[in-house]
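Both complexes shown next keep subunit A, but they swap its partner, so subunit B is in the first and subunit C is in the second.
And now, the complex of A and B:
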């Protein structure tokens, strides 16, 4: 069995914020009817997390549920368990109209931390990431420069940034460039 | 001559001297100088040559409106042409050079144009270079090109970094003069998020220079106190060196921040383009002084009156020892008074108004300054510098009454509010008779999504001309803005200024009003583009009645300053020539940016390795390490071929395709789109998406499918695998993955919203590796883990399992005609699987092959490629793919369209194979012709080549093409003229497109 290797193999950068490729994370894409109790229950049962409202991320241990669209969620879990978890959820939802797909390998994931991380993000995303508009437990699907991305804020105020695997290299360079010392906004 | 004064210079830090260079000469200045003030301090009034006539030109203004003092700044990777000296902060080591002259600034050969100016009137180029036609391309254009453009283009790669910042604020206030500060106070008091930006490095605008008194304080004290007060507020952001560049729909505003222009190489980004969403925007953008139109008003030493004052007060620089002030309004008196107080001589104030009795006039008289009422300048004397002025009656034709020796002229034609940002998004203007200017019409503001005004002007930008009115208007503007975004309206009163008693100005558009042709043809409107009063009058006589047409004919206002000084004067002259009122003539359009912004700022971070995202497969690094030649496919880079040492690309491709057919090839096919389609209605949905029947596909099986748009044209193809009763996996082309996914969602969300289908694009979840060739099965068996025998995994079947310990889905599909498997493994183990194949495949003669090999192999089998055989105008029937178009289905996307007359026309070109008679390769895209000509007299065309390759396996050129009645002409020979200039023709025989292994024996093992 070969080791799975994330796209940048844990690269890091220290600028005016710290950036780290966050390594392997289980990700399960789920689509279904948010109004159906059977659907929301199955998702919460798997994760132990509350069902998220619009633009919310709900965390519970290794798990998180991220709101992606009115009929799409992303479940975060341990990488090793992703396929088993996806299979379990699919089984729980058997008979429902829903789609469950393990997409753990389709993504690159970055962690960004530091007091000025909003400033680094502001250089890249047109989304409002000010303190009034983007808080812990919120997720935004947006773009960072020219690549599609999702950004969510953890309870400790750091953020995780997800993009497609194929542009992981671009994203890392982009984040490093935005975090270059001397480019602080001083807001 | 200009020089540094012993006293004055409120912006200077005289304890820090800076050295800089101008045209190779070393000069000294102080911290706080602009390049313009430092040049003046060094006696350099002349700073450039004009564009058309190469006339000597000196600095005329002190801010962003400057038309003349455009210099080349910096060197090498930091060289930039056309930088305004007036807005360039001086720094130690600055290198500058004047432009548009040869061989030198002082002596310029091009100045001969000025002598010829009577022969080069408005529209000269249009009139002169029309005939003969051929001369334009070969003679006139090359010469004009060489003469065109002020500065030289940089040659080196830009050494600096640039970036964007996206920001969201409730109220954005543009302009940090006293109006902007007052507006910020009231907006901030409303409890909303406020951002105040100022283009210069310091706050307060020109109020301290003009001696305003606010809240019983000198203006500077009030400014300092207000900035301190605002800085202490959490809801206010203040930024200097940041210009409001453009106002757009939905409260979108771009601002241009010059972070490191004055500290080059300090590691900070040079410029930053702010892209701001503002709930409401306040433009406190001030006003610009207008020049007066008299003969010789472009001679170095003739400047705007306020600029002369600015240089003295702000930077302790005198433009001349003897300054004649020419004006039609009171404000210029402040310049005369400031000069006098600085110990300089003011021989006269020449005022066009018949009688002047205001307080300022009295103050000037008290200082002993002579005021020549009802007078004007007939002409300025001098060439490269002012030596005197001839004074005349404003009412007359220019007969000199007296000559006054002087070395500077300070002119003022009144003030025009800066309405640019107000106007960018549709704010309208009204003509103000009293002040002879256009000002914003508050009843016709730029409107937002709910029909609400989203821009408010403040201060003199509104047309408020006294300090009292400026502060009242600006404070109210801040309140309006706060209220517009849901804040509260403060009850505090506006700052109060001491009253100023000023006499009304007089409208003066030509000085003297009856100036004859000789004077008018030396009276400049647009300094940078050399447009004179006589040019605009000529345009009017020639029928250019629209101001927009006159602008383009004369080039008035088309230079890099966009007519900031010349527009109002120019259109007043035009109105007069057309015998119309000024508001009837109107203004030209105001477009962003307010002043030029750098291309670097517009580019942001998108340069070098961040120019665009390049998509990489999990095996990308291996391809690159291997020395593969990479080609763009969509946003991906794919290996085109893997040349061995000393091998050409062609040789490498030939080796790869032969080896694949004889032994074993390995292809990185990860870029192919993979879309899961799931739900009870998935089969029904795919029946609509594809031309063939997908609902009948059995789980475990694959089917090749074609996708058309609703116009019937082929848009994509690929293999569909049925995973289970409810689930399909659709493969798309590399470039089609995202668009086809969006196409599916479009139909599902907009048309068939009640169908139970979900899709997911899982393209990047898998590394997909094609194992191709006679030894393919041997390799997979060696890796072990699943049965891939003919019986266990037949052609067009798929199976889940493991290979070499890695979870894998094996599809037995072939795009080459060989025994072939495509193995999908989790992307994070893709590289490991690839390496495993390379190692295990060695004994089977494995070699990787690239996209060109893939193309040759598929062409040998007559397989079509989206983008080669299709181009958006091709339907599957053209390609002989009738077998893939279901006749049983009631409907599919494109079905109706394919029944239309043009689609069923027997004359449509159809796909055939082409075999050259001499075995050569036909150029890709070559046209097939027949005898005769078409309706346009062109050679009759009957088809074209869609794919053409050298086939190493067949040792000949093979091609496919679309030929009129092609399928009915098997065996015929068609002709393809070459375009290499030899007139030669390539002959090819029409054949079946399957060139290799027609019976399909090789894959059937």
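And now, the complex of A and C:
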């Protein structure tokens, strides 16, 4: 097996918020019937996390379950375990109307932290990222400039941003530009 | 700027997060229809100044298609509702009538 490298190999930027290409992360795309207990139980059993409500993210150690749409979840896990976890979940869901795919290598992940991160985000997205509308444990799928992205807030108030790996370089440049020192909005 | 609330994820989505799908509730005309019916199905659109029913897709979000009833003149949004309906639901019709008493109604 060749050595896997994330899209920007851990590039970082220190602006008025800190940006970091977050390296390799296991990502498993799951579709299924959220109303079926067998489906929700299998997902929670794999991750140890509660099943998320609409637009929620639930975290448990290395794992997270992100609500992506009424019939789609994204499971985050350790990169090394992604294929084994996907295989295990697919086996657990055998016979169900469900689909499991390891998409780890098709995605890029960025971490953004700093007190003013909402100011950097609001330059790039039409989504409401104010404190009232976007809180820890929430996921917002939107666009950052011209690229589709999912943004979620961790318990510590930092955010992670996921996009297609093919636009990883574009995304990093967008985030760095939005976080340029001196380019604070001063709200 | 137009903001529509996606009925599937509840997100107040900006127009730029959505893809337009044109007029809603078209009835498909296929084999067996007259030339005029097919032509009207393909090309004939209402284009009203006022109440209009449209299809939209939350393409930068949850990805689901949904319906919206809005005013093309004021951009007022009366309702957004499920894609799984061939006609506007009663509560949507009522919401429009409450705000546009003179509206000629949906056909």
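Everything that follows uses one rule, which is that the second predicted complex is superposed on the first by the 186 of 187 C-alpha atoms of A that agree within 3 Å, B and C clash if a C-alpha of one lies under 4 Å from a C-alpha of the other, contacts with A are read in each partner's own complex, and residues count from 1 in each chain.
Heads up, the rule we're going with is that a residue touches a chain if its C-beta (ideal position, glycine included) is under 8 Å from a C-beta of that chain, and two chains touch if they have at least 3 such contacts.
This is a predicted model, so every value here is computed, not measured.
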| item | value |
| --- | --- |
| First (subunit B), second (subunit C), both or neither touched by A:102 | first |
| Partner chain in contact with A:128 - subunit B first, subunit C second, else both or neither | both |
| Touched partner set for A:164, first subunit B, second subunit C, both or neither | first |
| Partner chain(s) touched by A:140 [first = subunit B, second = subunit C, both, neither] | second |
| Partner chain(s) touched by A:70 [first = subunit B, second = subunit C, both, neither] | second |
| Subunit A: partner with more touched residues, subunit B or subunit C | B |
| Subunit B versus subunit C as contact partner of A:183, first or second or both or neither | first |
| Touched partner set for A:56, first subunit B, second subunit C, both or neither | neither |
| Set intersection of subunit A contacts, subunit C complex versus subunit B complex | 126-128 |
| Residue ranges of subunit A touching subunit B (in the complex, touch as defined) | 1-7, 24, 29, 31-32, 71, 83, 97-99, 101-107, 122-128, 130, 132-133, 145-147, 164-171, 173-174, 177-178, 180-183, 185, 187 |
| Sites on subunit C touched by subunit A in the complex | 8-12, 14, 16-17, 60-64 |
| Subunit C contact footprint on subunit A (complex, rising order) | 54-55, 68-70, 72, 126-128, 140-143, 148 |
| Complex contact set, residues of subunit B against subunit A | 161, 163-168, 193, 237, 266-269, 275, 277, 604-606, 609-610, 612-618, 636, 676, 678-680, 756, 758-760, 762-766, 804-807, 826-829, 831-833, 836 |
